[in-house]
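There are structures below to look over.
First chain A sits with chain B, and in the next complex the same chain sits with chain C.
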Partner chain A sequence: MKSLLKRTGDFGITLMGVVCLTFLFMHWLPGDPAELYAGEEATVEDLAAVRQRLGLDRPLPIQFVQYVSQLVAGDLGDSLRSGKPVTMEIATRFPLTLKLAALSTGIALVVAIPGGLLAAARPESRGAKLLEWSGLIILATPVYWLGLLLILAFSVSLRILPPGGSDSLTHLILPSAALGAHTGAATARMLKASLVDVLGRAYVTTAYAKGAPTWRSVVVHALPNAAIPVITFLGMETGKLMGGAILTETVFTLNGLGRYLVTSIAFRDFPAVLGVVIVMALGVTAANLAADALCALLDPKQR
Partner chain B sequence: MQSRGVSFSVGLILILIFALAATVGPHVTTADPYAIAPHKAFHPPSTQHPLGTDELGRDLLERTLHGARLAFIISVVGVGLGATVGIGMGIWVGFSGGQVERLAMRLADILLAFPGFLLALVAAAALGPGVGNLMIAVGFFSFPSFVRVSRSLAKSLRREDYVAAAHTFGARTRHIIWRHILPNTAGPLLALAALRIAAALTTASGLSFIGLGPPLPAADWGSMLDMGRAYLWEHPRLVIVPGVALFVTSMGFYLLGEGIHDRTRSTAQE
Partner chain C sequence: MTRALHRLFFVCLRPPRVFVGVVLIGAALGACAGAGWALQYIGAPTPSELSARHQNAVSAQRDTSDTHLIVAIGAEPSVLDPHDAGDAPSTLVNFHLYDRLVELDDAMTPRPSLASEWDVSPDQRVWRLFLRKGVRFHDGAAFDAAAVVANFERLMDPNSGLARRSLIGDYIEGVKELSSHTVEVRLHHPVGGFLRLLAHEAHGMISPRAIATARSHSPFKPVGTGPFMLDTWIPGTRLTLRRFDGYWNGPPATERLDFLTVPDSSNRAIMLETGTVHLAYPLDPFDRLRLERIPGVVALDVPSQRMIYLAVNLHRPQMKEARTRRAISLGIDRDAITQHVLFGMGRSADSPIAPETWGHHSRGPLPYDPLQAESLVHAAFGSRANPPLQIWSPSNRYTQDRVVAQAVAAYLQEIGFSPSLKLFEWGAYLSELRRSDDWDLALLGWVPSTGDADMALRPLFESTARGNHSGYSSARVDALLTLGAESNDSPGRLDTYRQVQEELLRDLPAIWLYTVDMMVGYRTNVKGVRIVSTEVLDLRRAHVEGAVK
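Now for the complex of A and B:
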């Protein structure tokens, strides 16, 4: 329990770091947002007025303190592009990204658990070798190219699945497969390594010696213990999943957080960029904490 | 094991092909990767254009070869930058310890906890488009892992007898780091560098895929994929060719990284 509290503190510090870093970076963004939003024919006075409205005329430290005090109250400021609160813009797009992430993780687990089990149970078999190489191939394939190839195969050639564009379940199959493949391959490798380690332990040998069938030794005795590092790993993978979601949503034209981030960068809408980055970092932090809590439940040594 | 040697050599061969394509490739063919010829748009592969032409009539093979050069500069030099800063910092703080070490590790942890692609994206957005800036963004997203690994290597080596012996003989810290610590950390750090380059290749091309890479009309694999996907239905070639180049290259660095990793581990066990 104590370690979990310490981890929460660590994550709090990390989040503060993320806010500082992104805030600084956003102010280095090339191009003056005021010029962009005042229009082509803006006079010097117009520009000054826009800067004042956006709060850009104040010194950077004051802007930062203002931003953080708003942030603590749950306010991410207004989008420069739409004028609406960033929290609202994010709230309308968040469910789609969450759905995409959940579906991808589901697909990843469906592939990774049997794959990892098989590879660990018979590490020298041809099937295990084949799995290992296909895992490597998937890991080396960029997620957005995989997405394009899936569109090419299932939408252009076979014409059985839509190439994204909406958030209905059939529209999410290809994007989640593209996004989940990477996590699935990485998790299978992790699970295999973890299982091989656990299978060598005394209590598994004891189970064998007592005459338990192989599958029982693996599934009942080894799997729960091997799962602990894998759950921690899955928590860390959410960071990659967020990065992948940015690209996947762009490929499949899904209106989630990732695509919102990309268009906001193009429009120099820095309150929106800052807001999305903070929400994504918060999501990754929450997933890591949840994974830690789950591990603490599974592992009697951590209680 | 046999397969371990295989991944190392296959990786090395793929990287050699990539290096050749990046250095010699653009000189072998005579086509100009930027010469626009609208009347030749979407020509299928022919003897004049072995891989055909793109939407503006530019030679696809020539553009892919130039893309290899850009990818090489951005990922290898970018990771090299990150590695130099990261290893320097990691060994220094691991060796000196104390408050400096705690502060540096906290900083590295903050950067590592931040999703890598998001970190590179924010850095690339702030720096603006351009090859040099993309390189810095790649370096920025790779350096924390080098700090972490080289620090733990330095810490464990510091306790070795030969380092203690060098100390007793009055060797200076700088001498110990250069002559004893660095050579002994080469294996794990090279493995890390290869894996980081593989990640950098997909990250950098991903950034230019969403418009944060070298400005158009640069023959960059990421922006070629972005342009080509508009013609995915009629001319999938425009998406397949740069994608295969990208995949083969990043696969090469992955395999090399795995291979070095396995080799150093097996010598450590002996």
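Now for the complex of A and C:
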């Protein structure tokens, strides 16, 4: 519990670091939001007017202090591109990214748990070999390419799923499959390795010696201990899911945080980029805290 | 007994620990994802069920969408205020929300729109605009002289902070309401392409009420007199326009116009191919060629006025040398680039401006002569072998830009330079061009949105212009550009621009390469799409054939 509290405290410091670095990097990056807003036809005077309106004519330290004081008050500022509050822009997009992350983690677990168990319990079986190879192939495939292949197969050839859009939940099946396949393959390998290690321990041998059937020895005796590193790994994987969402959301035209981040960076929409980065940092930390809490529940030594 | 209890504990409590983990994750997922649909999809429909479901969904969508026109565009509009919008997606949407006083036909000739007639004083400084009667804004307000005055006053206000203010605002000395439907616009000096300027998409007429609301710093409400009005806008997903039944020129043929933001160009093409959208713009050349062979889809490339050119950095000593510039112009095979890099979706330049632009003048194709180019390089650099040449290009801004830059580098290597190529993301490109002097040639594109030679040349080659990346300064060209800007459309004005173009071709502050086509694809049952060479997609008459109106 104490460590959880300490971690929450650490998170505050990390978040401040994230804000400072993102702010500096975004301003250090070549490119002028006023210029991108006003377009190429705008004259020097137009540009100056836009720059003034967007508050970009003030010195950088003042902009920074202003931003941080806003942030402390819980205000993420207004988007330079749309003029709307960043909080609102994020609120309209976050649910979709959350759904995508949840659904792809779900798919990953459904694939990874039986796959990992089979691979560990019967490492020489054909099924296990097949799983291992297909896992390797999926891991070696970039997410966006897998996404394009899925679109080709299910949207263009079979025509059973839409190629893109954010309107309904059918739109989420292909992207979460693309994203989940990766996490699933990685988790299955992780689980297998962890299980193989635990299965070699004395208490599992004892269980076998007492005549427990294989499934019992694996599922009841070995899995809880083997699950601990896997859960920690899944917590860390959330960060990767967010990163993967950036590509997946672009390929599948999903209106989530990842795509918003890409468009905002291209447009040098500083407040929007900072807002998304903060929300993503919060998401990753929350997932890691949840994973730690879960591990503590499974492992008495960690309590 | 103890053993039995222990066993009970073992079976019931030990396993739950594992499952607590799984169940907790599952519960969290379920809660996040919304239990209802999760169950629905975990209920594992067979592929045929899924297929049937999708077919139903598609046909259900079709039933309603026949009166809709769904358009996939590449980027999200940023602002629906025409006086402030500097990006292409916003301009496309605004074109359908607002009318302008004057319109351009395909030959870039001004035609009446909200102004049904006009006249001009002999000194070309005072324009009288006679407004169409019986026109209403979407909010019910009458379109009259007061509304036009309110719009011009907004554009004249130097403190408005609007991105497109100076496009016309700087020319206007005053606006006066002569009668309920007559407006007098007094200019500081004669403006040659004034009517074409009025037809610019940035000069859409906004309802005076919306202007007043915007002035009070409330969110801008897009209210025009156009054939469509704003229905819903889900940022990042879809922007829907609804037919304005009170439109003065007869209501549009389609009930709704849906703009879907689809950033990935291959996904736009796939959505068109699978019938998810009716129209996709822009396409890339590969998709355009692929879609050509797909039944049910029309894929077009239409010449546009966008000129792609290499700005020459005249601050660099080697580029100041006229022979270097001439060698570069002679050393690039424009026809090969348009044929093999653009797959025929472009036309080699024969002048600094496109043939569709008003005022275009040409003495024939720009020559390709590698032998002469090579000897010019030798003459300019003497024994110094392979002078280095820095070429900059944006990546994914213009059709095939990167590959064109590579081709240019290869041609310049052939004639004796040793070129190196640097690619940029668009957001960084222009500011880096301005900031740094480390480049010799920079790939750029320009489309004159008024279709007039003034807009095609002055923003790029007048010595003080913001778009003059070359640092070109010629007193004669400046004087001619001012003369052209301030004289009315006449043979004399045409001659002024003929001289400017010849002057530029002699000085070569830029190497003009080609004009690039607009690539648009739509379903065969979509009719009435008009594609204008100023990169405007006019969907005011577009509809799905057979749709119930």
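Throughout what follows, the second predicted complex is superposed on the first by the 279 of 303 C-alpha atoms of A that agree within 3 Å, B and C clash if a C-alpha of one lies under 4 Å from a C-alpha of the other, contacts with A are read in each partner's own complex, and residues count from 1 in each chain.
Here, a residue touches a chain if its C-beta (ideal position, glycine included) is under 8 Å from a C-beta of that chain, and two chains touch if they have at least 3 such contacts.
Worth saying up front: this structure is predicted, and the values here are computed from it rather than measured.
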Which of chain B and chain C A:Gly239 touches, first, second, both or neither: first
Which of chain B and chain C A:Ser82 touches, first, second, both or neither: second
First (chain B), second (chain C), both or neither touched by A:Phe23: neither
Which of chain B and chain C A:Pro142 touches, first, second, both or neither: first
Which partner reaches more residues of chain A (counting touched residues only), chain B or chain C: C
First, second, both or neither for A:Ile231, with chain B first and chain C second: second
Which superposed partner A:Leu247 touches (first chain B, second chain C, both, neither): first
First, second, both or neither for A:Ile151, with chain B first and chain C second: both
First (chain B), second (chain C), both or neither touched by A:Tyr67: neither
Shared chain A surface residues [contacts with chain B and with chain C]: 29-30, 148, 151, 156, 250-251, 262, 265-266
Sites on chain A touched by chain B in the complex: 10-11, 13-14, 17-18, 21-22, 25-26, 28-30, 129, 132, 136-137, 139-145, 148-149, 151-152, 156, 239-240, 242-244, 246-247, 250-251, 261-262, 265-266, 273, 277, 280-281, 284-285, 288
Chain C-touching residues of chain A, taken from the complex the two chains share: 29-32, 35-47, 49-50, 52-53, 81-84, 89, 92-93, 98-99, 101-103, 105-106, 109, 113, 148, 151, 155-156, 158-170, 173, 219-220, 223-224, 227, 231, 234, 250-253, 255, 259-260, 262-263, 265-268, 290, 294, 297-298
Of all residues in chain C, those that touch chain A in their complex: 10, 14-15, 17-18, 20-22, 24-26, 28-29, 32-34, 37-38, 40-41, 47, 50-51, 54, 57, 75-76, 78-79, 85-87, 158-167, 170, 219, 234-238, 260-264, 266-267, 270-271, 273-274, 276, 425-428, 430-432, 435, 446, 449, 455, 459, 466-467
For the chain B and chain A complex, residues of the former touching the latter: 3, 7, 106-107, 109-110, 113-118, 121-123, 125-128, 198, 202, 205-206, 209-212, 225, 229, 232-233, 236, 239-240, 243, 246-247, 250-251, 254-255, 258
